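Order of writing sets the chain letters: A, B, C and D. Residues in each chain are counted from 1.
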Amino acid sequence: MAWTRDQMAARAARELEDGFYVNLGIGIPTLVSNFIPEGMSVQLQSENGMLGMGPFPYEGEEDPDLINAGKQTITALPTTSYFSSADSFGMIRGGHIDLSILGAMQVAENGDLANWMIPGKMVKGMGGAMDLVAGVKRVVVVMEHVARNKDGTESPKLLKACDLPLTGTHVVDLVITDLGVFTIDKKGEGGMRLIELADGVTEAEIRARTEAAYTVALD
Amino acid sequence: MKKVYSDATAALADLLRDDMTIMCGGFGLCGIPDELIDAVRASGVKGLTVISNNAGIDGVGLGKLLETRQVAKMISSYVGENKEFARQFLAGELEIEFNPQGTLAERIRAGGAGIPAFFTKTGVGTKVAEGKEVRDFDGEAYVMERGLFADLALVHAHRGDTEGNLAYRMTARNFNPMMATAAAVTVAQVEHLVRPGEIEPDHIHTPGIYIGRIVHVPVREKRIEQRTTRKRAEAAQAAAGGGAV
Amino acid sequence: MKKVYSDATAALADLLRDDMTIMCGGFGLCGIPDELIDAVRASGVKGLTVISNNAGIDGVGLGKLLETRQVAKMISSYVGENKEFARQFLAGELEIEFNPQGTLAERIRAGGAGIPAFFTKTGVGTKVAEGKEVRDFDGEAYVMERGLFADLALVHAHRGDTEGNLAYRMTARNFNPMMATAAAVTVAQVEHLVRPGEIEPDHIHTPGIYIGRIVHVPVREKRIEQRTTRKRAEAAQAAAGGGAV
Amino acid sequence: MAWTRDQMAARAARELEDGFYVNLGIGIPTLVSNFIPEGMSVQLQSENGMLGMGPFPYEGEEDPDLINAGKQTITALPTTSYFSSADSFGMIRGGHIDLSILGAMQVAENGDLANWMIPGKMVKGMGGAMDLVAGVKRVVVVMEHVARNKDGTESPKLLKACDLPLTGTHVVDLVITDLGVFTIDKKGEGGMRLIELADGVTEAEIRARTEAAYTVALD
């Protein structure tokens, strides 16, 4: 038993607050927009130059001039504004975005994050990930708890230290996996702390599949 | 001062040379100066350093210059959508300098604004900071990044007047405004060419001073990289039930 | 999230405190948030550091806060039009830090964009560079300037929607857009308050994310500092004879 | 005999070229706009955030939202665009303005310029002058050849070295005074060169009223 992608997204949505400006990464983070509580004002930023991102367009209504950072066609809302890439990343780097929810390959117990390159494989580039983790007020990672290798084995993704090239150091505040939720005291000495278990998951199971040291503070 | 040229080839004729540095606006295939890229391809210049957030896709946008091996180096943030790019890179035929997207945008803005260097948190402690000065300000570490300035910038706008004033549309704005400011000569491809005064002066995104030449290229077909849609039924359902966690 | 406040006093009530740093938009008397300034005066807070290109004129704009001795320090580029300012400065009651206008504008933009420091040619070899790092880039000397960030920014816009999206009018834009980005809280005074969607999203100058609070202040009278005009007869003459050297 | 203010402005206007973007300072430089040749496209920048500055408004048509850097009411043209102060000085600092014509208190033979403060007097501030002289491609100074002191004596303004606090170092390309015109090789070793005499002015008169060393290269 573990959380589904939708359950992980729903858990991530509990980090939202009324009036928040939020940047969602590709994959599970994108699903978070489906779980914004009714009546809560949350504006989504797309780092290619848009605030107030709407849902996908109806078929036949796609506009090539209106895409998100994943290059997907999207729509505007009454609250929408457009701006340049420089202004967009000024917004990100300047700490004006309240929350960034993104995926990761590895997270270390000190808050280090790796999600952009695997040595020996073709590197596609970091896009806006380094800017987001360095600039946004609060960074939430949503990812599978372990990586599944081609030979059927699994590798932990919550590590003592990342061995992949870093996207940022001391940047992650919260990690949501299919097995549970961890806080990280990224700037302090508090380390990583397990605060929630996914439905039907035991602390023993998490311990077995986690390399990082963590304390336990379940409700 | 006549800025308007009859077509992309005429606008670029005397500006192109081997081994030059060209900035190219756009994000993915959105807001790219495709007709100007075609003219660069047709000119046959090679050894180019191209500064662009992405590298197009196979056969579209900058992908066309990769096919013909006209590009020696790319300065980009993400090039994931291009097989020919991957092939040339892995074969050692193409150099790539990855920049974080925001650092790339700011380096270009800095180049255009006379700022040779600035400090940013982005990339501290990563490969991006290797070989660069890292300095503490108020207890936090920042890496120094340099401004970028090109020989030529190619940009796309929705509307332009004959004075060179430009207005962009939606997310097709992206890197175009900064690039327009950061090159010895900037050439703009506009979908609608209008008379001075037709773009409300408060709505001009790029003042004409930055635009050396302008070409009117009416829209034929704009490519969409990821066509994502919702069905009307789904939407109705979402509207009825949606929102609750 | 309700950003709209009934009036300037309500919008500023819990934000003001002695010795805080306030940015104030405007150039001369053009585009100044006069009603917000009045509310600061009425609050009686003192020991303020005010970052503003100018210091108003006697009895108008920031001049009102000078009259009441609420300002301890100004960071400005030009303060020539204010007698009370001169008196307090010469009496040693008021500190002033002069910045070149472009350096001031860029320091504010940098503060809002997470850039703690940048290099500029402006002021190299002058008093402005004293005590600051000067460094060579590509054979030219540049001085390092720091970003500016305030506790509170007060800005003025022509139109604003309830989401905080702003559009400025003509040269009343000036320092307002950067200041809106460079403070812990920004309060906007708008001449016209509209619903979201009424300002075309391509025409929004300041996205709502930067605006914490907004107050609708319909225009009563805007002051003009230097009323300069031409006579119709003169103009006709100029049009007829004008232009030749 | 010497040039009038209008003659100085007219001489400065000969530095204009078709397609130029120009910033004019307060005083005599403002008059230069009256001498732009017919059919020549010259766009005036006002550093408070405008390109394409028009003439003063007709009486009764002043708009408080439309002023120049001298805080005077002005008008727009069909070519006009507005922008923020940061964008305006990006334009200036980035070297996009072709020509700046401004006044000065002192100019030195190496191109140093002083025009913003007199020690002991109330300082009003440098405004945009330091940015303009550092950033604009070509800087032309228009000023009286000498300063008239209160006691009736006069002091040279073209000096070996400025003694007033500097606005910029190695920045002035051309000086137009009521007596003549000088070029300055601001970045090189060429020094200051007298290239024109005002109507009825002799080289001897200029020499007597100039402290700076200069060579003579009259047509």
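Convention: contacts are C-beta pairs under 8 Å (C-beta built on N, C-alpha and C of every residue); 3 or more make two chains touch, one makes a residue touch a chain.
Being a predicted model, the structure only gives us computed values, none of them experimental.
Shared contact partners of chain A and chain C are B. When the C-beta contacts at B-D and at C-D are tallied, the pair with the greater total is C-D.
Remark: chain B and chain D have CA centroids separated by 37 Å (rounded to whole angstrom).
Chain A and chain B have centres, each the mean of its CA atoms, that are 27 Å apart. Here the CA centre of chain A is 55 Å from the CA centre of chain D. With touch defined as above, residues shared between interfaces to two or more other chains in chain A number as follows: 76, 82-83, 89-90, 92-93, 135.
Residues of chain C in contact with at least two other chains: 106, 109, 113-115, 120-121, 168-170, 173, 201-202. The touch graph of the protein chains shown belongs to none of the named shapes.
Applying the touch criterion to all chain pairs gives A-B, A-C, B-C, B-D, C-D. Across the complex, chain C is touched by residues 18-19, 21, 41, 43, 45, 51-52, 76-83, 89-97, 135 of chain A.
Of all residues in chain B, only 1, 109, 111-115, 161, 163, 165, 181-182, 195-197, 201-202, 204, 207-210 touch chain D in the complex they form.
For chain C in complex with chain B, the residues that touch the partner chain are 106, 110, 113-121, 137-138, 140, 142, 146, 167-170, 173, 200-203. For chain A in complex with chain B, the residues that touch the partner chain are 10, 13-14, 34-39, 46-50, 55-74, 76, 82-86, 88-90, 92-93, 112, 122-131, 134-135, 165-170. The touching residues of chain B, when paired with chain A in their complex, are 27-31, 53, 76-81, 86, 89-90, 96, 98, 100-106, 108-109, 120-128, 158, 168-178, 205, 222-232, 235, 238, 242-245.
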